[in-house]
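This report refers to the structure that appears directly beneath it.
Should a chain be cited, it is by its letter among A, B, C and D, assigned in written order, with residues numbered from 1 in that chain.
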Amino acid sequence: MWELTDRAKRYQEDLLAFMDEHVYPAEPVYWAEMAASGDPHHYPSVVEELKTEAKKRGLWNLFHPHPEWGPGLTNLEYAPLAEIMGRSLHIAPEATNCNAPDTGNMEVLTLFGTEEHKEKWLKPLLAGEIASSFAMTEPAVGSSDASNIELRMERDGDEYVLNGRKWWTSNALHKNCRVLIVMGKTDPDAPRHRRQSMMVVPLDTPGITVLRSLPLFGYQDREGHGELLFENVRVPATALLAGEGDGFMIGQARLGPGRIHHCMRSIGAAERALDLMIDRAQARVTFGEPLANRANIQDWIAEARVEIEMARLLTLKTAYLMDTVGNRAARVEIAAIKVAVPQMALKVIDRAIQVHGAGGLSNDFPLADMYAQQRTLRFADGPDEVHKRTLAHMELRRRDPQWGRTA
Amino acid sequence: MWELTDRAKRYQEDLLAFMDEHVYPAEPVYWAEMAASGDPHHYPSVVEELKTEAKKRGLWNLFHPHPEWGPGLTNLEYAPLAEIMGRSLHIAPEATNCNAPDTGNMEVLTLFGTEEHKEKWLKPLLAGEIASSFAMTEPAVGSSDASNIELRMERDGDEYVLNGRKWWTSNALHKNCRVLIVMGKTDPDAPRHRRQSMMVVPLDTPGITVLRSLPLFGYQDREGHGELLFENVRVPATALLAGEGDGFMIGQARLGPGRIHHCMRSIGAAERALDLMIDRAQARVTFGEPLANRANIQDWIAEARVEIEMARLLTLKTAYLMDTVGNRAARVEIAAIKVAVPQMALKVIDRAIQVHGAGGLSNDFPLADMYAQQRTLRFADGPDEVHKRTLAHMELRRRDPQWGRTA
Amino acid sequence: MWELTDRAKRYQEDLLAFMDEHVYPAEPVYWAEMAASGDPHHYPSVVEELKTEAKKRGLWNLFHPHPEWGPGLTNLEYAPLAEIMGRSLHIAPEATNCNAPDTGNMEVLTLFGTEEHKEKWLKPLLAGEIASSFAMTEPAVGSSDASNIELRMERDGDEYVLNGRKWWTSNALHKNCRVLIVMGKTDPDAPRHRRQSMMVVPLDTPGITVLRSLPLFGYQDREGHGELLFENVRVPATALLAGEGDGFMIGQARLGPGRIHHCMRSIGAAERALDLMIDRAQARVTFGEPLANRANIQDWIAEARVEIEMARLLTLKTAYLMDTVGNRAARVEIAAIKVAVPQMALKVIDRAIQVHGAGGLSNDFPLADMYAQQRTLRFADGPDEVHKRTLAHMELRRRDPQWGRTA
Amino acid sequence: MWELTDRAKRYQEDLLAFMDEHVYPAEPVYWAEMAASGDPHHYPSVVEELKTEAKKRGLWNLFHPHPEWGPGLTNLEYAPLAEIMGRSLHIAPEATNCNAPDTGNMEVLTLFGTEEHKEKWLKPLLAGEIASSFAMTEPAVGSSDASNIELRMERDGDEYVLNGRKWWTSNALHKNCRVLIVMGKTDPDAPRHRRQSMMVVPLDTPGITVLRSLPLFGYQDREGHGELLFENVRVPATALLAGEGDGFMIGQARLGPGRIHHCMRSIGAAERALDLMIDRAQARVTFGEPLANRANIQDWIAEARVEIEMARLLTLKTAYLMDTVGNRAARVEIAAIKVAVPQMALKVIDRAIQVHGAGGLSNDFPLADMYAQQRTLRFADGPDEVHKRTLAHMELRRRDPQWGRTA
């Protein structure tokens, strides 16, 4: 009980060795290659080398729950692996083909794709040959309420015609990105949760323009957060995932794993920030003694340890519930970690920055970038406030099953 | 995995039934009896009735890890039971003979007591016939540093002579209290952790004066937090637990379970506060709608749920580690829950008070009393700051094993 | 600018001398007298002696803005004096006849009382011969929304007949309490803010029963927080303050000064807690050095100084605005201090408690009692959330004057 | 009292008009010009146009306390003007020639410069013809302890030879930057506070290399935060400001105004963030109503208003003290605002971001950039922890004047 399976332990050891032997040493190479390219969306060759190495070591598609496509780990087995990857967020997940949003897209294609989708898109994704993107959020509407989604998908004979605008379409500027999964509205008059559909759309389909990549704080992420314009984009009716009106249902199925993977990686990021905080506190001397000797810095270290551990346990329990009772039954816990984990990570990283002095805000340390990454997670897949609302409604109904039913 | 054993589930069901059928209904009776008595240290007859009922139901000495003295539950099995008891803190732990500091004293007597100690004190304690107290903290010194303890225990022939002053000697004013376990200094010149010893001292030994009971906030707790004067108190040499100089070692052995039991009960208190907060928010209407409809109150409810669950999981993990690797190896986790859990409970209770309006500060609801109880736990067995210091030192050595070795 | 007037400085010096020479020395006498009496509502003779001394020194009715009844200080002049009184909250305000709710009642009687009211009640109040109470809050309704008030006042010939229940009627158990100002409903069918009236009601009027005094945390305050039952209480029509339906208007006029006086005193309480925290931190040694040398305790001290100073300045600005543009125009600032000041004081006091160890929760130090007093101020004259709502509405209309007009 | 002078009010009106008529309209132009240039250190022509306009309107050198060089406003008069400039931080301070670090450098040159320094550097700085930089912080040492500064300044005949490395040399990459004020060590054996000196060093002096500009979060600020290498940089002995060993003294004189100007501008930034938060909350609809209707968002708005106002008042009081008792006597207050104001601004901005959704992290709104700017202020002129230490030491000595004297 509370212990990893032997299999998970073995993967953990292998992954730790891969990190020490390959990923951490690759970090300076990666950043040097990025800087030399002068292109924020450059695809560094070192990533490709790491992918080859990871595949060789069997550290590939670890995320995928279906045994025909990977080792078929449970969420609980995968969690500590994703955490380790989160320590080097720009490299390790991609090197092991466990990167968002590809992971979620692969799951969706596995569950809802046609044979053609699987052959054409899923296989190269699983092989790490291409990348993909997920076009959901829209600039004009509060997308945390999915029923607001407005991109129009109109049937025209054997085709659908897509018109609208998306943003925060992450990965769209990845050099390997070839395909989008797009959420849009097929039937404005259907019941609220049957209006939307999802489709598989090649990125080079005529009518799609990548207008720009949105920066996060000042960072222009390599994979890009695209703003995309859809103007009379024509796709065959076979582009549809599952059936018309199933968009909301697929979205729900997709979100659970996506959210927990984010949280697992955030815990790894927090652990790395804590390590950096400790090392700097031990090395830096002011007023005659190392910062590590000061009780306020010690309090920060202690609080970080406690808060990381609590967040980790909640995430592991959520993984366990997803494995045993299913994503839907675990939705309270999924909402809970979505609220708790990024805020915890931000607090730890911010204090690590403070211990580093102004250097902590520069790129001489990974902390400011980590802060920016974690801050976005308070919006990704819905802002904190929407998840708290969900949690509160569940609690209110726990005490009064009729609460809010008529409101 | 992450699941209770069948045995633990059965005890949980039985205990929940006992709470619903007996403990909650007894609460108003208890308070009425206390008020009628005019004596804050009155022992209400309803508690004795509940003890009889609990014993009949086999809900007795659940805390005791040794199977010859109780069901022999593991810490992990006991945790959810202690949590349930914590929902009615003044009644349920005593009704099931799982009350601090009797529990810790019973464990110490089991592990370190002589046959005479066991016959004379342990048996009636296990039978719930007497109560006991633990005399450790002293008013004159910062007792969180145990080596500061000054009560003198001088050998004089076959006896020891005790002189000194203790306070926060909880339970000393309980009508059934008969015996103290006293920490004192036998050898001021021994190495730092071998100076103290522990002794079993009948409360009615000549020379012991209970000077007063210390209030907490305005509350004069029924069991009392005694200030005790020891003036030439003579006890036989057989009063010694284990050997001379073993006081610190016994204290360490005692603290682990004591701390985790407190934390388990605190989680139960927080759960009850959350229930009260929700119920009040649903019932109270201002400016045309129930408080429960407001997004700020919903945020409080959601945050309470998340924070309770994280604290619970950390406590359960700690219990598991104590069961599997032992109290000493689990000392980081024990320090962690000691810091995290009472603060979490205080936050939840304080917000529940806020939802209740000024009534929440009165005794019409149990919340203000719960707040006072939880606030003391930020000192009991060491203030937060000492536990954070322990945690920080462990972390600093995790990164640099030599850190602080020469300081 | 930002400086006290000479007059205010002179009063400040005189009051500080009175505190040092009389009030602080009286504190142990006061508590000994209270303990000896065995009656939580005992009126200690030392208070009467202090009143005589304060009157002799001209430190009397300093709060009263009308020069015919006192020195006629402005709010800005009075603020630092009230702050000083707040350092000894149970004694200094009463000793100088500046105690709530008498102060608010005296203002209301000055502004709205008939000649008879002034002769019979205002004069002895100003002379400190009697005490008074303000009966507003009701147990059955969310009283932060004043239009909820339900105590019925029915006209019957030349009389009104009062029926209902009040609680948190502070001062009602004061040995000198003789008169109540009562808020009730005269016309349920009038427009929302014209339904209530206020009346002057002698406490010994037949039909009034003081059911009990509500404790705060465990404290039974000397003045009492009464729950009062009104059963067919008959008062003459001349009991009315201003006219029928003016209750809400009088309440508004009363609240401004009441709230700011509370805040001024809270700042004094926080200053005293900070002094106690520093003194204890310097005196207490653990692990080889005084707590005051530790960076975490130093952070607490620094934060307390900054937060006290910010809260004080906001309170002084509010006082200045009340003096210059009036209570109504200053209502945003009054709401702001009502939210900010008690929370600041609670944080400082809580940390001071933490530095004191468990003793900080007992009555050996004034801190736990101070905590209880400040905690009630997050409800007195409306809970924080109602004041925040007011503030938010003002801000929303600052950006969009039409906001919420139709909602 | 608490009111602006007429003169200050007039400047305020003029500056507000300039903001509305010129600065805000220039913002999109500015960013477009920056984007078009492809150079993060481009100097946009619109800034030069704004400078011309500001000079014409008499809104020039408002910061300078010496009447021969500007209007000679007091700190208290300047404060609300600097706050207004802070609303458009990249443009308004520079447009009015009130930009850090030029302001501090101009003050230092005014107070300590030779006639030659004034003629050659001060005059063109006051005319806005050149920019300047301040080289203080070093990468290798904890520079918050100024005695750590290591850049070597060795006398060699009529010259000094400078060797060392600086970073966070803000403004060094400004296209107009011509001169540095450099802090270095002239005498390693002098008493602790007499070791350092300051010198005026043209940026194009042989031996100075600008290695790079440090980014903040991902932002490469236009003015740049330079890392500079000094290799055998030779300057005449007349480069010295005041005398040898006066570096620490000049630094102290410089820091007071520098810190308060930062804080004033931070308050303006917070005000702008609050406006953006309100406007977005009113415009954005989810689940059927605008965010502004939700009580949690209303709480954020209310808390922002209260916290901004408290921070502003503390800043104004500090300005007043600097004007009346001097920078040195006001050092507690200067430390206090340095701790309080940026943290307040960060909290407000972070919540404003949250209300904006992921867009708040992009450059479609100024919020993420504002966050980065404010975050650096928790280090600029010393990290929070150093200022808290100063505050705590003052408080500890307030209660015990001997505290720490021998330590």
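Here is the rule we go by: contacts are C-beta pairs under 8 Å (C-beta built on N, C-alpha and C of every residue); 3 or more make two chains touch, one makes a residue touch a chain.
No experiment lies behind these values; they were computed from the predicted model shown.
Trainee: Does the chain C and chain D pair touch with the same residues on each side or with different residues, judged by whether over half of the numbers are shared?
Mentor: Mostly the same residues form this interface, as more than half of the numbers used are common to both chains.
Trainee: Quick check: how many Å separate the C-alpha centres of chain B and chain C?
Mentor: Computed value for the inter-centroid distance: 37 Å.
Trainee: Please work out the Cα centroid separation of chain C and chain D, and write it as a whole number of Å.
Mentor: Once rounded, the distance between the two centres reads 43 Å.
Trainee: Nearest whole angstrom, what separates the Cα centre of chain B from the Cα centre of chain D?
Mentor: Taking the average C-alpha coordinate of chain B and of chain D, the gap between them is 53 Å.
Trainee: Listing for chain C: what residues touch at least two other chains?
Mentor: 294-299, 385, 389
Trainee: So that we know how the chains sit together, what is the shape of their touch graph: line, ring, star, complete or other?
Mentor: Graph shape here is complete: every pair of chains touches.
Trainee: Okay, in this complex, where on chain B does chain D touch?
Mentor: It comes out as residues 294-299.
Trainee: What residues on chain D touch chain C, complex-wise?
Mentor: For this pair, the touching residues of chain D are 1-3, 76, 274-275, 278-279, 281-282, 292-293, 295, 297-299, 301-303, 305-307, 309-311, 313-314, 317, 320, 332-333, 336, 339-340, 385, 387-396, 398-400, 403, 407.
Trainee: Over in the complex, which chain C residues touch chain B? Could you list them?
Mentor: 137, 139, 142-145, 148, 167-168, 214-220, 225, 284-287, 294, 296, 353-354, 357-359, 361-364, 368-369, 371-372, 375-376, 378-380, 383-386, 389
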